[in-house]
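Paired with chain B in one complex and with chain C in the other, chain A is shared by the two complexes that follow.
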Partner chain A sequence: MSLLKPFSKLPGLNTANILLVESEEQFQQSLADGLVEETAVTVNVRLAKSLPLPKENEESRPRIDLVVFIINLTSELSFQSAEASLKYLDPGYFLGKVCFMVTNARNASVPTERLDAVRKLAAALHCPLLFAEDQTPDGVTNATKRLLSILKVSAGLVPMATALYLSSLTSCTVPPDIDQPSFD
Partner chain B sequence: MDLSDGVGNLHLMVEAAALNPAADSSNAQKDIPPADMLRMNQQMSNQCFEMAVQLQAGKSKRSCSTSQADRDLPDYVKELERVKTPNFNSTLILHRMQMWHAIGETLKRNDSEAVALKAGNDLCMALCSQIKLVQQESKVLQDEITEVQKKRLEMKRLIHENMKEMEDLKSKKEHGDTEKYKAALEKGQGNLEKYRKMSVMTQNVLRGIILACKINWMDDPKLRDIVMTLEDLPFSD
Partner chain C sequence: MAEVKAGVAAKEALSEALSEALSEAAFSELMEQCEDQFTQLEKLQNEIILSEPDACENPQDQAVNRLMATEAELKQWLTVEPKLLASNSKVLLKAGKEEMLKLCSELEMVLSCQEAKRDKLKETKELEQKWLEEKQQVLIAAKNHVERIKMEKEKASEHSILLDTKGKIQKLNVYQKRLMECLSDVLEKHVPLPQYEPSTNKKKKSNTQEFDKDMISLNEILELLMNKTLNTPHDPYITIDNTFWPPYIELLLRYGIAVRHQESNFKIRLETFL
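And now, the complex of A and B:
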């Protein structure tokens, strides 16, 4: 069983490790470039196309503090790949160490059911859902900043806040009328 | 259970590592400032806390459905908020007290830092009194502005009233004139009618007399003039 476990390794001193999972492997690169520019903490960024992670790196891989699933709303494959990868995460991760990031939400060709499905998934797992704009450098910077703030809490670098506490504040909620048709 | 054992082991290892930072090979060479070490210590204690929570969750397992858990969750979160807020406030107060104590101690020690602190303090006091003076001045000016504005408003109101009065008077005067004029006009017209009727009647009578007398009025110039003027007014109304 190749579950990714949150507490199976020692945490790093003054480091934060983040895993970006994206089936297109595009946005994660620019996010990674932005994330490593943080100077106060050593940020290690691991990129993956999907889970389970390859067994060869099992020993050298550090303990992952935050797993981010990047879903591109314009492709159904992205969503399905993310959903399939969720099975390979230990349940201990869902107490605040998983985050969903969605791109292209403003695109007109996106069917509303897909966004609703992502919302329902994030709400069922009590995870935060972030919306990011990946085409402009400003959008990438903003997404990086938000990820960094969540990552710092997950890695224990923020005093008086743990990942579980933050997730109870930031988890996605589904509006009660989500199944009713919207005005289009 | 494998998970809780593993986590428990790790917990002990992390605590040992946190208590003994010199044993950490990666940081042995660098000279870490104490603030950074405190930060890293806090990070490690945070991680230990998380692992302790995980262990706790593993110990007390009871089976209940997800819907039940979802229903209970907001209550627990509210309880957590209720406890966390006064805790946070107390921590802030504690930090403030610690800071003031530290400042007090530095001032008592009377070294270069204390001198710098005192200079800073004096600057703050001077700026504060300046601020107070400027604020008072601005208050006085503001009051004056308010007075001037009140007077302006009063003036505007008076002007408005006067304009209205003038408008009223103007319209009334024309109206009053027309009325008196009308009365006089009617009276005059009545008189005119009366006299006109009288003169028509007189003329008709004179015409009748001249015709009845069968005088040849064309030869006599004076009579001719009189008869010519008789034709000015219509015969009968």
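And now, the complex of A and C:
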């Protein structure tokens, strides 16, 4: 078992590295295509099905600046896989270098408990929770833009802003009455 | 704290590397600075790798961890002193120019966005103003109406009600007079007193002449009946005596103008018309 560490390697010049973790491997490819189109900085996208990452590539792997867990709300497996993967991250990552991205939240067949569970998880880890639409090109572009703005901060490319600072402002909060049955 | 420093160092190295095509002196100066920063970065990196035994699993530890990191960052921000990017003015000029251009294009975007927004708001404003004007006109019309009604009401309360009522009474009086005249005319014309009746029948004539002196006209009978009804509503009956010409009684009874008393044959009253 090897932990992924945020500061184990030297950063590259004008480079940001993002790791997309998705057990179903549906959305990450289109996201990656959008992310590498950024011109101001070199964006390296690494894809993974789950953590831990395989040992053999460890030498060639750059320092990961942002880890994104993509959770498809319609599948329980997706959530469980993301939850299991969290163990293989160094605690240093949770200081603003992890974020959750939820897809299919609008699907009617999604049980509300699952969304609540994801929100609780994100809130417990002080991570931002993003909602994305993976079916339309517009939704993918939007998701890409949001990820890029977080990535630039967490890679240290934005002057006067740090990942910890940003995540303090954007981390997910759970409403206090989330466990109460709603009456509407 | 070390992490933050590493981030800051990386940032500075990057921003300085942006400037190319400078004079050689400036370029070498920049390179030197970059080298310095990078060696510092490497040093910090080694420190980080050496001092990383802490592994906390549960969220509570993580929260503590987070708190510590945030406090460290806060301290860092409080102690940090703003300093120039580089001492060379050419470098600064170049970097500043780039920054300015970037800012310019961003501001232009903001401007066009705002202009579009403004135009839209203008349109909305025009619509709203038109709407407001219409509403105000309606309000004015309604106010006028209210005022007019109020004035009428005020006038009415003082004087005109009296006049109105007087006029009505007068009208009614006139009408009643006309009715009475009409009635008397009709009665005079069609039901004259028996003594004036131009009789062709001699027998009848002689017959009527017997009662000539006491006979009363139909007018008087009606008057009696009406007065009785109005004055003593509990006992509207009048007694028939020989001053009443029997055919008139018959007439009144037949056409439902008068009613005979149920028990007494000699008593009649006016039909209850009301």
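The definition used in the following text is that the second predicted complex is superposed on the first by the 181 of 184 C-alpha atoms of A that agree within 3 Å, B and C clash if a C-alpha of one lies under 4 Å from a C-alpha of the other, contacts with A are read in each partner's own complex, and residues count from 1 in each chain.
Everything that follows uses one rule, which is that a residue touches a chain if its C-beta (ideal position, glycine included) is under 8 Å from a C-beta of that chain, and two chains touch if they have at least 3 such contacts.
Source: prediction; values computed, not measured.
With both complexes brought onto chain A, simultaneous placement of chain B and chain C is prevented by a clash. Once chain A of one complex is fitted onto chain A of the other, the partner contacts of A:125 are limited to chain C, with no touch recorded for chain B.
Once the two complexes are overlaid on the shared chain, A:3 sits against chain C while remaining clear of chain B. In the superposition on chain A, contact is made by A:94 with chain C only, not with chain B. Set side by side, chain B and chain C differ in how many residues of chain A they touch, and the one touching more is C. By the touch criterion defined above, A:162 lies against chain B and chain C together after alignment on the C-alpha atoms of chain A. Looking at the shared chain after the overlay, A:107 reaches neither chain B nor chain C. Steric collision with chain B, judged by C-alpha atoms after aligning on chain A, is confined to one stretch of chain C among 116-124, 188-196 or 224-232, namely 188-196.
Annotation: chain A residues 5-11, 13-14, 92, 95, 156-159, 162-165, 168 touch chain B in one complex and chain C in the other.
Across the complex, chain C meets chain A through its residues 3-4, 6-8, 10-11, 13-15, 17, 41-42, 45, 48-49, 52, 54-57, 59, 61-63, 65-66, 69-70, 73.
Contact residues on chain A toward chain B in their complex (touch as defined above): 5-11, 13-14, 92, 95, 155-160, 162-165, 168. Residues of chain B touching chain A in their complex: 3, 6-7, 10, 13-14, 17, 21, 24, 26-27, 36, 39-40, 42-47, 49-51, 53-54, 77, 80, 84, 88, 91. By the touch criterion given at the top, residues 3, 5-11, 13-14, 87, 90-92, 94-95, 124-126, 156-159, 162-165, 168 of chain A touch chain C in their complex.
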